[in-house]
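One chain, subunit A, links the two complexes that follow: it is found with subunit B in the first and with subunit C in the second.
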Partner chain A sequence: MDNYYLGIDVGSVSTNLILIDEDNELVFKRYLRTQGKPIDIIKEGIKELSDEFGAKNILGVGATGSGRYLASIIVGADIVKNEITSHAVAALDYNSEVKTIIEIGGQDSKIIIVRDGIVVDFAMNTVCAAGTGSFLDRQALRLGIDISEFGNKALDSNNDVRIAGRCAVFAESDMIHKQQLGHNQEDIIKGLCSALVRNYLSNVGKGKEITSPILFQGGVAANKGIKASFEEELNNNVIVPKNFDVMGAIGAAILGKKKAKSQGYTNFKGVDLYKNNYGVGSIECSGCSNICEILEIKEDNKVLARYGDKCGKWSL
Partner chain B sequence: MKGKIGIPRGMMYYELYPEWEGYFRSLNFDLITSPRTNKEILDIGIFTCVDEACLPVKIFHGHVDYLKDKVDYIFIPKITSLCKGEYNCPKILGLPDMIKHSIGNLPPVIDTEFQSYKRSSIKRAYNEIGKSLECNSSSISKAYRKALDTKDKYIDRLEAEILSNRKDIESTKLNLLILGHPYVIFDEFLNMGILNKLIDNKVNIVFPEDVEEKDVLYYSNLLPKRMFWTEGRRIVGSAFSLIDKQKIDGIIYLSSFGCGLDSVFTYIISRKAKERNIPIMELTLDEQTGEAGFNTRLEAYLDMMKWRNKNENYLSSLR
Partner chain C sequence: MKITFPHLGNVYIAAKAFLEDMGHEVIPPPVCSRKTLEIGTKFSPEMMCMPFKIFIGNYIESIQKGADTIVITGSCGPCRFGFYGDMQKDLLRDLGYDVEVIVLESPKEGLKDFKNNIGKLIGSNSLWSIGKNIKPALNLIKIIDELTQLSNKVRAFALDKKEVNKIMDDYYEEAVRVCGTKEITKLTRATENKLKEVKVDQSHSPIKIGIIGEIYTIIEPFVNLEVERKLGDMGVLVEKSLTPTKWFDHHVYSYPFGSKEENLKFKLAKPYLKTMVGGHGRETIGSAIYYNNMGYDGTIQILPLNCMPEIVAKSILKTVSKDLNFPIMTLVVDEMTGEAGYMTRLEAFVDLINKRREEMLIG
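Let's turn to the complex of A and B:
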């Protein structure tokens, strides 16, 4: 029986589950929308995995994404890793020569600088989400275009329109003005893609040395318009890996594999875990003035984990 | 006891508390310090303070609010400068005025101005305070000497307290310089407990205060223009010194959102760090209490440092 390793990336917009084999080849991939219900979506993903594959030999699990701790509690992960390291590991596995990784997700955008196969610098967007997927989502909705069509439209533009990209709110009013002037939709979309790229480069990529090979990954890499704008702006070729949308999960799986091998066992609870009932309860502790919000995760009636307190009195 | 003096645990408290303690204790006043920052203090601070202020100033408002019904006076000196030709942040200068206009029903606020580099100014200020508290001249001058005799730096005490947690944890070779204002570095609630998170990760923490004063002076004088803020001289000078002497592996700068001083210092320091190939990460703190984004950056940074170090070891064994 072949050996497999599971990677889970619970992000703000999407939850991804992937399975790799011993050679890090992808054999299963699910890209699901998180929709604010991470536990249900993780269960759904595991169920789909079980339906398609049955009980395979899953020997290691890695979790990443902003919901990585939650995912780890639910499925039993061998390693819990931040998104930056996971993305870098997956990118290096895809192309060991990579020097720059551009990753744009739902709420985060990151740049990772790699030299000689190690991460030497990185940056993430600060409080502003103007250069991320949720911003694009919102603008596509406003223009009444499906997000999957959005990027292709930009490619049809001959003459891009300058859109203010520094702030999502200003970009929106600028777009409305340009629409009222009579610019066509393709040009406005192209302008928006360029604005997002400019924002990314001046905000996240500020002061970084961006040299090729450049990998572009994360959900937004599906957008051909953005990719084209990056290539124009950087005057360089930008590579979008085949599994750009689940690179974080792939990285987590690779790390999970390594960890499980070195410890000699896996914490994975098995694909049947989707049959369990998971409940979340929260209480506000009134023990002191910190008024911590304590979260409790239950599997059927067993408390799996409790966290959120500052003092450690509730932690489990 | 003559009465209770409230000392809000924020801003200059982290540098000057022992001096104040020496002075007021000698005059036979009871000192009440607000507790460590907690969520209630933060919430009240955000509610009472003007919107544009930085988080430490908002938190300071919360501390004042906590104290206002429990004491007879609140001590919020206007500390204009600590060194000649250098000044404090405008928000420290305006702190007593901001507080008086934002928080109602305050007990009397002691808001005497200090130009702490001038002996005569310090003496005059303490005299004024003593007189307003109806103390006689001889006890005031005794208290004044007591204040100036207080040699120990409060920051050293705070550092020792935090570092005592790491006794049983063996530290690795990873030396990280933690930069920022003392009122950010030592307020564990404000900075989401970063020091303990670093200690748990076996990091050897280096503080700006660990650098000798003469090095701070020497290196800050290398700047083309004299530093306007005292706080900046220490932050930039200590960073330059440690970078130059290669005593640190990386830098984490804890900045407050909206801090004008930080925006200048981070830029100056990251340019220098980049020249010497020392990774610097700026973590901006604001009112958010969700720690996920903060932890992700911290974990990624530590991963990167470990990765880099491993690689260096690997290379050196080849040579």
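Let's turn to the complex of A and C:
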């Protein structure tokens, strides 16, 4: 029987589940919308995995993304890793020469600088979500264009419009203004792509040495317009890996494989876990003025975890 | 006179003890919490830096508990902290709070004002009397800082990190209940012994990270989202570039020459920044180089959103990091209390350092 390793990336917008084999080849991939209910979506993903694959020999599990701790509680992960390390691991597995990783997801954008196979520097967007997937989603919706078509439209433009990209709110009003002047849609979309790339490079990528090979991953890498704008701005080739949208999960699976092998067992609860009932309860602790919200995750009637308190008196 | 003051990390313990020794009733503000931040944000100018907002929250929470006099320190130079005292005085008056605000400016801003203001607290204007009374308090600050650093050390090595956190939480809670420098000293010593008994893993060789930045942000755990504890829980040995002890050493004990460590940091910063830019901008740069020279594995700069001196430092730190091949990360803190993104950055930074170390060991 072949051995497989599971990677789960629970992000703000999407939840990705992937399965790799012993050679890190992807054999199963699900890209689901998190929709604010990560537990249900994780269960759904595991169910699809089980339907398609049955109870395969899953020997290691890694969890990543902002919901990584939650994912680990539900499925039993061998390793819980932050998104930066996971993305770097997957990128290095894809191309061991990689020097720069651009990752743009739903709420976060990151840059990871790699030299000789080690992460030497990284940065994430701070308090602004301009230029991330959620903003693009919203603009596509407003223009009545399917998000999967959005980037392609930009490629049709031959005269881009300048749009202020510093702040998502102002970018939007600038776009509306340009649209009311009568600019055509392709040009506006192209202008938006360039604005977002400028914003990324001057915020997240500021002061970083961006040298090739450059990998572009995360959900936004599907957008051909953004990729083209990056190539223009950087004057360099930008590579979008085949599984760009699930690179975090792939990295987690690779790390999970390594960990499970070194410890000699896996914590994975098996694909049947989707049959369990998971309940979430929350209470507001009134012990002090922090008024922490304590969350309790239950599997059937067993308390799996409790967290959210500053002082640790509830934590399990 | 029921005295209160804003929170500055662990200083409240020594400040309370000192004022109690002087015979005052002291109402320390409740530990900074979301409520403090909520109150402060509501009544402060929106674009103001974060410490201002927390201070306002501290005052109002203390006033609600009965305080009628506020003691704060002043500052000079191009940093907004310099006008906190006057602005906050006006702000509280506009809100209808009838309180006295005593601003302790540095002696170089005018010895007479300094003596008068301190005089209000200790009931005598003579320098001799000021010196005599302040000494035990400064000593106390020192031993409390030593305790905090000891807890950082023990936490990095401890088998059960929770044990260390519990000891420190109990200490902070108990410290508000006991009175005067003598009692606090006793409590601090007892806590020290408890920490020394925590079971540790002697074979652990922790990575070392220096926390650098503006003093308030790095010493007040609520503001920096308990960065010392979070890193310690990951087994990292942390040290802060500035502590109340170091501040007093530099500004009071060694006045007007400055302390050895701070002067060294100025010297180290010189190739990058020759002049003071207000706040602790120059110290931040010097500290980064200092920690590199001391064999640390990396440093983290904590920057309160829109703090001018630290912004200057941040842009220079990029060059420092490159020149010295030394990992430096900047974390911006603001009113957000969500910790997920913060944890991601800390974890990734620790991963980065661990990986570097592995590579160096292999050669």
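Operating definition for what follows: the second predicted complex is superposed on the first by the 316 of 316 C-alpha atoms of A that agree within 3 Å, B and C clash if a C-alpha of one lies under 4 Å from a C-alpha of the other, contacts with A are read in each partner's own complex, and residues count from 1 in each chain.
Keep in mind that, in the parts below, a residue touches a chain if its C-beta (ideal position, glycine included) is under 8 Å from a C-beta of that chain, and two chains touch if they have at least 3 such contacts.
In this text the structure is predicted, and so the values were computed from the model without any measurement.
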Report task. Evaluate whether subunit B and subunit C can sit on subunit A together after superposition, giving fit or clash. Result -> clash
Requested in this report: Figure out whether A:144 sits in contact with subunit B (first) or subunit C (second), or with both, or with neither.
Outcome: neither
Query raised in the report: In the superposed arrangement, which partner chain does A:118 touch: subunit B (first), subunit C (second), both, or neither?
Result: both
Requested in this report: Could you tell me if A:83 is touching subunit B, subunit C, both of them or neither one (first, second, both, neither)?
Outcome: both
**Report entry** First (subunit B), second (subunit C), both or neither touched by A:182
**Finding:** neither
Query raised in the report: Taking the superposition as given, does A:36 touch the first partner, subunit B, the second, subunit C, both, or neither?
Result: neither
Query raised in the report: Which holds for A:54: it touches subunit B only (first), subunit C only (second), both, or neither?
Result: neither
Report summary line: Note: overlapping subunit A surface for subunit B and subunit C spans 66, 81-85, 108, 116, 118-122, 124, 126-127, 207, 288-291
Query raised in the report: For subunit C, which residues count as touching subunit A in their complex?
Result: 30-31, 33-36, 162, 165-166, 169, 305, 315, 318, 321, 327, 332, 334, 336, 340-341, 343-345, 347-348, 351-352, 355-356, 359
Report task. Mind listing the subunit B positions that touch subunit A in their complex? Result -> 35, 38-41, 189, 193, 257, 270, 274, 279, 284, 286, 292-293, 295-297, 299-301, 303-304, 307-308, 311
**Report entry** Interface residues, subunit A side, partner subunit C - complex
**Finding:** 66, 81-85, 108, 116, 118-122, 124, 126-127, 207, 288-291, 311-312
Query - Complex contact set, residues of subunit A against subunit B - result: 66, 81-85, 108, 116, 118-122, 124, 126-127, 207, 288-292, 310
